[in-house]
Structures are given as C-alpha cells and as structure tokens.
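What follows is a set of structures to go through.
The following pair of complexes shares a single chain, chain A, combined with chain B in the former and chain C in the latter.
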Partner chain A sequence: MATPILDIAGYGLDYATPAGFTRALDDVTLSIARGEVLGLVGESGSGKTSLAWAIMRHLPKSAREAGAIRLTGQDLLKTSEAEIEAIRGKRIGMVFQDPSTSLNPTLSLGTQLAEVLVRHRGLTRKQAWAEGEERLAHVGLKVPGQMMRRYPHEASGGEKQRVVIATAFACQPECIIFDEPTTALDVITARQILDLFKELQAETGVASLYISHDLALVSQIATKVAVIHRGKIVEQGAVAEVFARPRDAYTQKLLAAVPRPDHRLVDTAAPAAGKPLVEVEKVSVHYGRKPFLGRLLGRANTQFTGNREVSLCVMPGEILGIVGESGSGKSTLAKAMTGLNRFEGEIRFAGRRIAGLGDMDRAYRRDVQIIFQHPDSSLNPRQRIREILSRPLELYGEPGARKDAAAIGELLEQVRLPASFAERYPHQLSGGEKQRVAIARAFASKPKLVICDEITSALDVSVQASVVELLVDLQKRFGTAYLFITHDLNLVRQIAHRVAVMYRGDLVDLVDVAALTDGTLHPYTRSLLDAVPAPAAAAA
Partner chain B sequence: MSPAYILKRILLIGYTLLVVSLIVFAITQILPADAAVMMLGENATPDALAALRVKMGLNDSIWLQYLHWLAGVLHGDFGLSMRTGQPVAPAMFEALGRSLLLALFSIVLMLVLAIPLGIIAAVRRGRAVDLGVSFLSYVGVSLPEFVTATLVVLVLADWLQWLPATGYVPLTEDPLRGLRHLVLPVLTVSLILIAHVSRMVRSELVDVLHSDYIRAARLKGLSKRQVLFKHALRNALLPTITIVALDVGYLLGGVIVVEEIFALPGIGRQLIVAIQARDLPSIQAGALILATTYAVANFLADIAYAWLDRRIQYD
Partner chain C sequence: MIEILKRMLRSPQGALGLVIVGLILLAVIVGPWFAPYDPEKMAPLMRYKPPSAQFWLGTDQYGRDILSRLLHGARATVVMAVIATALGTLVGAVVGTISAFLGGRSDEAIMRTVDAIMSIPSLLLALLIVNLLGKSSVNALLAIALAFAPGMARVTRSVALAVRKQDYVNAAIARGESAAYIVGREMLPNVVAPIVVEMTIRVAFAVMLFATLSFLGLGAQPPASEWGLMVAEARRFMHLSPWMILWPSLAVALVAIGFNLLGDGLRDALNPRS
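Moving on to the complex of A and B:
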C-alpha cells in the first residue's frame, strides 16, 4: 500500500479542567490513503469532532496531546503555527456541518470562496473571482456568476453547502475532513450533496475523513470505517467487513439500533376498522398577521400558509407517521391539534366537534397529549422531575386518584427510569432520560392520542432505538394512538401503520406503510424514498 | 434597500415629527404661563392684555393656534421669544450648531478610541489589558457626567492650568482659543461614550469570535489578523451602530449638564434658559429641533446598518 496521506498514530488528547484532565481521545490510530474515504462513526460526545479539530490543529489552550498526526509524513504536532496556517485550506480542507453558521452572514459567497484562492494560490482578486465562478459551476450551481455575488441568506441550504464544498476543494487539497456535512440539510438536499461528494471524491481522489453519526450513510460512501466510542476506536476495517461481521459489542449495538424498514417493531396489521379516534378535516393554518400599516395601505396579504386543507384520521391505537422536510407543515399540524395554533377547518375527536381553541376543554387536553423535540426546552429547568410530573396528575387525574410520590414513581418506572429520579433536576439527566421524562408526563393523563413531534431527532441512534422501543411498548400496553412526526423515513417505516407525507403545507400522500414499497405514490414521496440511504446489508 | 424604502422612511420621519409637534404644542398649552401676561408684565391693564390676546390670536381655538404655529414652523419661523422679543429660530439654530460641534468632536474622539480599545480587550480576553479596559470603562459608565466634568476641570484646568475651565469662543472668531475651550466638554462627554461603546464592541466581538464562521475562516488558512479585520469586525460593529445612534440622542438632549458646567451656550443650555423664563416659543422650538436630530440620527443608523448587513431587508 502506498504511503498514507493522513496517518494518525497513537494519538491521545486530554483537556485540562479545574478538576484534572478529562480524556477526549485515547490512543487513536488510523490512516487514510489517496482515493480512500474513511467513515468515522460515533455518537455525540464520542470524540469524533475533537479528532477533526486535532487534525486541523484548532485546539484550545487546555489541550494536552500525545502521539502523532502525520500529513504525508510531516508531523503536524511539531509544525509551527505559521506553517499550519499555510497547510489549512490548502493541503487539508474542511466541510462543516451547518452551512448556515459556517458562512459569514455579512460577506458575499464569492468573497468567501475567492479569499482562499487569494491566500493559498496567490491569485489576484480578479483572477480569484473568475476561478471562483468556475469552481461554483463545477459543484453544480446553475448560475455561478450570480451565486458569487449573493449573500448567505440569499441562498438555500444546499446551495450554501455546495459553496462550502467548492471552497474546501478549491486548492486541490490532499485531504478533506467532512464533519457531518448533510446533517443540517433536508433529506433530498442531503442526497444531492452526497452525490456531489461521491463525484468529486472519485474525480480528485482526495483522502477523505467522513465524520458521521449515521451508519447507513457511511456504509454507502466509505471504503473504510472506524467506530469511535468514548474517545477510543473500538473497531475499524473495510466497510463490508465491519458491517457484515461486527466484532465489537458496541458496534453490534450501534448497528442493531439503526432503523431498518424491513425490521418492523409493530404488528403490521392496522387496528380493525371502526370509528376513527380523530378526524382532521380540511384544516388550514396561516401564519403572520396583516401588518397594521399594510392594511391601511390596502396591501396584499403577506400571510404564510403552514397547512393547506389537510385532512386525515387516526384510528384508536393506530400509529400514523407524518414525514416531510423541514417547513412542510408537520409541526404546524401538531400545534393546531393541540391548540397552539389557530386553524380553519374542523377536528373531530371521538365524534366531538372541535372547531377552535375554545372547544379544547380539559377533557380534550387530557386525551390529546404532545411530546416535543427538545426535552431541554420542554422541561422547566427550575423544577424537579417530581414537580414536572405532578402537574398533569393534578390537572387531569381522576378524583381520588393518587398524586403522591408513589404515583410519580410508577410514572417513572413506566418509562423505565428509577423512581429516585423524582428528586432530580432536568440538567442532571442525559438527553434520552429527559425525553423519557417528557414521555412520562404525556402519559400521566392516560391519553388516547399522543402527538410525538420529532421526539427522537435530537437523540443518538442507540438512544433513539430504546426510546422508540419504549413507545411501542406503551402503545401495546395502553392502546394509545400516536401521531408520529419525523423526518426519518426508515424509522417511520419501522413503526407506523400508515404514513402521511407532507410537502410545503400540503398532504400529498396518505398510504399504508406496505404501499411505500409497491404502491402508486406521489412523485414527491417517490423522491423522498429514493433519497434515503437504505441501511447496509443485514447485520445478522 | 430600495430608494422607495428610503423615501418611505423620510415620510415616516415627517409623520413622527408631526406627532411630536402636536405633543410639544399640547404640553406648552398646559404649562401655567399666559403669554400675554408674560409679555406685558404682571401690572398690565386688563384692556391691554385683552388687546394683545386678540393680536396674538390667543382667543382662537387651540387647533387654529396650532395650525398657525405649524405653518410658521414649516417656514422656519418659530415665533418671537417672549424673553428677548427676538425671533426664536436664529438663536436656536446657532445654539444647535454649537451643540453639534461638541457632539461631532466627541463622536470622532469616541470612534477613534473606543473601537480599538474594545478590539484589544476582546482579543486579549481575560488578560491584564482586558481587565484594565473593563475596569476603566465600568468606572466611566457608572460616573455621572457632573462628576467626570468636575474631575476633568479640577485636574486639567485648576491644577495643571492647561485649559480654560468654562466659556465659549466661536471657532470663526479665534480657532485656537475656540478649540481650547472645547477640549474639556468634549473630553467629559466622550469619556462616557468611550466607556459605553468600548464595552459594547468588546462583548460583541467576543461573541462573534466564538461563532462557527470565524472558526471556518481560520480553518481556511486565514491569519488571525485577516479573520479579525475581514470577518469579525464588521459583524461586531453592527450592534454598535445602533448604540452610537442612541448616544447621539443623548449627546444632544442629555448634555445639558455638561453645557451648563462649562458654560457652553448650546441647545441644551438654551432650552434650560427658555424653561426658566417660560419662554414658550423657545421651548417648542428647542424640543422640536432635538426630536428632529434624534429621528435623523436613527434614520442614518438604519441606513448604515442595512448597508453593512445585507440580511436586513427593508421594503
């Protein structure tokens, strides 16, 4: 094998804290040769991003290092700051997670691309600008000249990420670090960016370190994979090898947690036909009020439509998945159904007409509960878990029902948390534990319908798996119906009976989950399905 | 930012000033001052007072009086001062000119010193320089201007005898003496501004330097210097512009104390004299002029903001 471009040997990283050193990376050894893509997979806090900063030599002063990071034989740990500045952007490029924060909002896209060419290739501004246009055309941007002059807010997420990628490739670097480059993008855009990555990778043969939490994605693009857990590489090897025969227990657990459409967690048969629990009929939501001055001047309505005449129904005990990209109106519908948004149209709950907020009385709220995406913002940080859980018991508990510590303990045990958590504050819990508390709160009133609004998207894949399993278990026990909102198509295909697809405020498809594989579908649904990387071959 | 937007903003300023003029006029109506008595004195005969009231239109309806006054204002005529019997407008605008001179020098001095101080403090965050700047600016912000003014006079005029403590000499008459008289008031006002703005620049810059796009710029291989001046500063200065615009309002309205201490006949001092003498036309003129400068300063800040940050879309 040729000498590797990037060679990391026995690299360790500690951060000095007032309480001593905390280990971020431990004895990391990996290498990437020309033309290779190494997928570095790990959950949040595993140290994968620390490794990226270490390679880029962008570490805080509190960092203590050991080992070596070599770029074509040159040890970067022993390289001076000035030399590093000449290497960054020229020999090692980087593509960041979120293009909307990694681009300077007050400089044009062209300026931010051209400055790299001026810095590293000694071009004049004019030459750099012309070269920049070519680069943008090369990454598939339709009107490169115009795009150069645009500011970040005038470009879509996908366009911005293309600019970032063009910048990373601009000086023909030997190595590029991709730090979750598609995580902040919508499914279809992410697919396009991934295709662009493959194309450029094949064309330039750049040695790529592709950091991701998404195993399914890595299995598609990488040649080698390294799994990192608590700062240690627990397993690495060829992709096919690692995915087919994972040796490490952690890798096995990680692979098992990846949502797979062919691995159903719920009985496929939908609940027997009967009276629907909820019927949503032609519900529309408009955001924004007419501005006062605009109304005076008789200006056209500047309202934004969040939902356009959405109709659907949920049967008792059914799991209805709602998928769509961000801004498609998924959460808007959830908010309308819980009275957080005004709506037009009608909702019928167990035969009762709910025409607006006024009709959502205590009985309705008891029966319809919602769980939000971020437990950090949906749990009051100043209340103990006990206080958080006692609210719904007081509000919705039947007269005579117990509201004491034992009742709260039962609620916690229901979501598989120890009863002793009652005295804790939310910040003392992990993300997954916090979301379990939010689930316990929603189930405290014994609801008939629980709306889950992207409740696992902030969680790591293994935590997601256990939360989903818990939900399925609760559904079996109590026969609760779910409106399960997510952008993860694979996940929804695991648990939903039917799937509703939303696109720009419209409900474009509402089909049985089986129909996703062989039914006639809306073109948007089709492209959504095509965009989702199917998980790698079964991990036994 | 379209020309139509700018035009709309100018119209809005006109509307704002119209409302201000209404309020100013209404308040002067409430003040316990009878214009006729003010002009003729306490011992005037009822007949003479009645005659003057008819002549001044004081018996007209309030709306008619307002319209008469407004028509005059639009022609640059704020009426005659009850104190001096002279037209109000020339005296007021002359005083405004002196205040603007004070403001201009103070702002320039502030910009020259506050922005570099803020930058140094932010870049050397947590080091001795930062702590020093932070401490001094904290003192500067918390000291009221009459204390600062007294200290400045005490040291520079009284002990060191370098500069005159009070008074005003027009620059056109004797530029050097005029400037010497301006130094202390400018120093007093700008010290407060510097303290205020350098703190603002520092905290904004510290935030910006921690943002993702600054890290991204560093990882593109740009030097610290390039990143600071090309990427960070522009974003850090944006909120500062708004603060400076608000400070302009303070400069013109709030420097009354400073003008009083240094016997500088600016608009603030003029307004105090007018209020003491219950000189209604002068009070109206002063208030309206201050409101106008305030509105214009904010308008300019908005324009500058939109020019620097293209995300701001006004339409």
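Moving on to the complex of A and C:
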C-alpha cells in the first residue's frame, strides 16, 4: 500500500479542567490512504469530534497532546500556525453537521465559496466566481448562477449542505473530514447528499474521514471502519469484516442495538378489533393569531397550517407509529391531543367527545400522557426526581393512594432505575436515565394512551435500544396504547402495529406495518422507504 | 453556595465586590457600636472641623462627628435600599413570569403597560409617588420599589420566555397543573439566577435614588443621618468645609461600586460556561 494520506499514530488528547485533566482521546492510531473512506463510529462524547478538530489543528487552549498526526508525512503537531493556515481548507477540508450554522448568514453563498478559491488557489475575484459557479453545478445544484447570489436563508438545508461540500472539495484537498454531514437533514435529502458524496469521492479519490453515529450509514459508504468508545479505538478494519464478525464487546453491543425492521419486538398481530380507544377526527391546527387589523381590512389569512384534517384512531393496547420528516406536523398532532395547541375538529376518547381544550378534564389528562424528545428540557432542572415524580401522584392519585417515598421508589424501579435516584437532580443523571425518569412520570398515573414524541432520537443507539425495550415491556405489562412519533422508519417497523405517514401537515398513509414491504403505498411513503439506509449487514 | 463564593473570589471584580459589600454589611450590623460619638450630639465649639485625630472625618455645622453619623446612617441607607430593591424585584419577577406564561394578548397588555410606566424616568416616578403619599422614609422605599418593578418585569419576562418554551412547562400544562403552580414552582426557580444578578446591580441604583430623594427633602427627614440627607445638608456649607459633603458622597459611591462589582462577579460565577 502506498503511504497513507492521513496517518495518526498514538495520538492522545487531554483537556485541562479545574479538577485535573480529562482524557478525550487515548492512543488513537488510524491511517487513511488515497481513495479510502474511513468511517469513524461512536456515541456522543466518545471523542469523534475532538479528533476532527485535532486534525484541523483547532483545539482550545486547555488541550494537551501526545503522539503524531501526519498529512503525507508532515507532522501537523509540529507545524507552525502560519503553515497550518495554508493547509486548512487547501489540503484538508471539512464538512460540518449543520449547514445552517456552518455558513455565515450575512454573506452570500457565492462569496463564501469564492473566498476559499481566492485564498488558496490565488484566483482573482472574477475567476473565483466563475469557478464557483462551475463547482456548484458539479455538486448537482440546478441554478448555480442564482445560487451563488443567494444568502443561506434563501436556500434549503440540502442545497446549503451541497454548497458546503462544494467548498470543501473546491481546492482539491487530499483529505476531507465529514462530521455527521447528514444528521441535520431530512431522510430523503440525506440520501441525496450521500449519493453526491459517493460520486465525488469516487471521482476525486480524496481520503475521507467520515464521522457518524449511524452504523447503517457507515456500512454503506465506508471502505474501512473504526469504532471509538470513550476516546479509544476499540476496533478497526474493513467494513464487511467488522460488521460481519465484530470482535470487541462494545462493537457487538452497538451492532445489536441497531433497529432492524425484520426483527420485531412486539407481536405482529394487532389487538383484536373492537371499540377504538381514541379517535382523532378531522383535526386541524393553525399556528399564529389572526391579525386583528388584517381581519378588519379583509386581508388574506396569514396563519400557518400545522395539521390539515388529520383523522386516525388508536385501539386499546396498540402501538401506532407516526413517521414523517421535520415540519410534517407529527409533534403538532401530539400537542393538540395533549391540550398544548388549539385545534379544530374532534377527538373522541373512550367514547367521550373532546372538541377543545376546555373538554380536557383531569380524567382525560390522566389517561393521556406525553413524553417529550429531550429529557434535558422535559425535567425541571431545579426539582429533585422525587418532586418530579410526586406531582402526577398528587394530581391524579385517588384520595387514599400512597404518595410516599416507597411509591416513588416503585415508579423508579418500574423503569429499572434504583430507588435512591429519588434524591438526585436531573443534571446528575445521564441522558438515558433522564428519559427513563420521564417515562416513569408518564406511567405514574396509569394512563391508557402514552404519546411518545421522538423520545429516542436524542439518545445514543445503545441507550435507545434499552429505552425501546423498556417501553415494549411496559406496554406488555399495562396494555397501554402508544402513539409513537419518530423519524426513524427502521425503529417504527420494529415496534409499531400500524404506521401513519405524515407529509407537510397531511396524513398521507395509514397502513399495517406488514403492508410497508408489499402493498400499495403513497408515493411519498415509497420514497421515504427507499431513502432509509438498510441496517448494517445482519451479524452472522 | 460555597461553590459560587469560591468562583466569585477567582475573578477580580467578584473578589473586590465581595470585600466592599462585606465591609458595608459590617458597618450596617456593628457600625453603631463602633461609632466614637453620639451621632446627634451637638458641640457648638467644634463646628466645621477638618479631619483630625479627635474627629477622624471632621465635624459638621452643629459640631456632630461625621464618622459617627456615617456609621449610624449606614443602616438607614443600605438596608432601605436593599429592601426597596428586593420588593421591586419580587413584584417585577412575578409580573414578568406571569406575563411570559400567559403569552398572547395578556402578555401584550401587561408589557405595554410596563413600557408606559418605564417611559417615565424612575426619579420622576419616585418623586410623584412620594408627593402623593407624603414625605417619609417608608414612602420613599415604596416609591423606589414601584419605580424598579417595571424594569425587573421586563428583564424577568425575557428570561421566562425561554423557560416557557421548555418541555417541562409543556409537561406541566399537559398534566393539568394550575397556573399558580406552573409560575411559582416550574418557572420562577429557573429564572432566579439572572434576576439575582440584576438585583445586586440595582441595589446601587436604589442607594443613589434613595440618597437623591433624601437630598431633595422627600426621603429621610432631619436629624436622621441618612447619607443622602447628609449631602443635602452639607451643600450649603461646601465652601466652609468641603469635608462635610465629601465623606457621605464617597460612602454612597462606595456602596454603588461595591454592589455593581458584586453583580458583575455574580453574573460570571452563576454562568458555568464562562
């Protein structure tokens, strides 16, 4: 094999904190040759992004380093700041996670792309602009001339990420770091960006370091994969090798945690037909107030529609999955059903008519609980777990019901947390533990329907698997119905009985989970299914 | 609490602010016992004395010892200012949080009212209230508290708006909690930190406002040894003995600087990211 483009040998990184040094990376050894894609996989806090910044030589002052990072033989650790500035952007490019924050909102896209060309390739402004247009055409943008003049807020997420990629490739660098470039994008857009990446990679033969938490995705695009856990590379090798025969226990755990549609976690048979628990009938949600002056002057309504006449029903004990991209109105529906949004239309719960917020009495609120996406934000940071869990008991408990420490301990044990957690504050728990507390809070009132609003998407893969397992377990024990909102199709195919697909506020499909593989589907559902990366090759 | 103190001592503003405010509090608590003379004892033969070994800071137009008067006056001045600020902050914080919680038209109505009150300069507003209620220290205190409340409401609302969007507030609404519980238990504890900082800085304003009211003859009444009043009385004798006006003015300035530095230090200490 030829000399690698990027060669990291025994690299260690510590951050100085008031309490001493914290190890971020420990003895990392990696090498990427020309034309290779190294997928670096790890959970949040494993040091993936620290490594990216170390390669870019952009570390905080508190960093202490060891080992070597070589770019075609030149040790970047020993290179002066001035030389690094010439290397950054020219020989090493970087693509960031979120294009809406990595582009400057006050400069046009063209200016930002041309600047790189002027700086590193010595072109004049005019030449750079022309070259920029060519570059944009190259990354598949339909109207490159127009796009150059647009500002970031005038372009969609996918278009912006294409511009960022064009910028990274602009100076024909030897090495490009991709830091989760598709995580902030919608499923279908992400798919297109991935295709673009593959195309450009094959064409330029650049050495790529592709950082991701998504195993399925890495298995599709990388040639080599390295698994990082708490700053250490626990396993690396060819993709097929690592995914088929993982040797390290952590890799095995990660692979096992990836949701697989063919591996059902609940009985496929939907609950026997009967009276539905909740029926949502023609529920529409509009955001924004009707402008008072506008109404007087007869101006057109400027309200934004969150849901348009959505109708669905949930059987007792059924898991109904709702999927759709961001902004499709999934959460809006959840909020309407829990009284956080005004709605038009009608909800029937166990035969009772709920036509508005006023009809949601204590009994309804007890029976319908919601769990939110971010446990950080759904638990009050100033309250102890005990206080957080005691509220539903006080609000809904029967007069004689216990509200003491033992009752709270039971709630915690129900979600497999030690009872001693009652005295802790939320910030003393990990993300997964916090989400379990939120689940415990929802189940405290013994509800009939629990709305799970993207509850696993802020969690790491392995934590997500255990939370889902817990939910399935609770569902079996209490026969609770779930409205499971997610953007992860693989996950929803694992646990849902029926799947509802939403697109721009409309419900476009409502089918049995089995019908997703065969059966007639709305074209949008079809494209959504096609865009989802198949899970990593099943571990033999 | 100890952790916050430690962090404050690490920054120069915080440390200096703590020292100054500590000294002031010391003067407030034990000052009267350390005063060398009775603050109201007149001595016709000892009038307009410059600082000397006998009278460290000199004497005033009635021959009263200025140091003793300052030490006695600390209580009236600083305690009144702190109480007035605390009262104003409490009212403002509750109004601001309620406004953020209600949102929509109620929020508009409350905040536009607050804007209207804020458009009147606080000194003018305080003067108006004191004139309506009559001259006395307690009325001056109420006036300052009322003058501060709108500003605090505005600051609190901006913080509370961010808290209002948090899911724990949504969770409480979905749970069917009462508005009082949500405002009092879910939202207020989470807006306290920035409010405390704002409050310490405003204590300095309150001291000055209080001194100004007394200076204009609308706050403390003679023979009280309130600092603002001392400045007002000394003004006529400025050319005879500049010391008389200098010391109380310096004392007011010191309190203002001390609380300002304390507020700066506190803001840095309460923000773990800095």
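Rule of thumb we're sticking to: the second predicted complex is superposed on the first by the 537 of 540 C-alpha atoms of A that agree within 3 Å, B and C clash if a C-alpha of one lies under 4 Å from a C-alpha of the other, contacts with A are read in each partner's own complex, and residues count from 1 in each chain.
The working rule: a contact is a pair of C-beta atoms (placed from the backbone, for glycine too) under 8 Å apart; a residue touches a chain by one contact, two chains touch by 3 or more.
Nothing here was measured: the structure is a model prediction, and the numbers come from that model.
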Touching partner for A:416 - first (chain B), second (chain C), both, neither: neither
Touched partner set for A:98, first chain B, second chain C, both or neither: first
First, second, both or neither for A:151, with chain B first and chain C second: first
Touched partner set for A:526, first chain B, second chain C, both or neither: neither
Touching partner for A:339 - first (chain B), second (chain C), both, neither: second
First (chain B), second (chain C), both or neither touched by A:115: first
Partner chain in contact with A:23 - chain B first, chain C second, else both or neither: neither
Residues of chain C defined as touching chain A within the complex: 104, 166-168, 170-177, 185-186, 189-190
Partner chain A, residues of chain B touching it in the complex: 211-223, 226, 230-231, 234-235, 238, 308-311
Chain A residues touching chain B - in the complex, by the definition given at the top: 56, 58, 85-90, 94, 96, 98, 101-108, 112, 115-116, 119-120, 151, 153-154, 164, 167
Parts of chain A lying in touch with chain C, wherever the complex brings them together: 289, 335, 338-340, 360-362, 365, 369-370, 372-374, 377-383, 391-392, 395, 438, 441
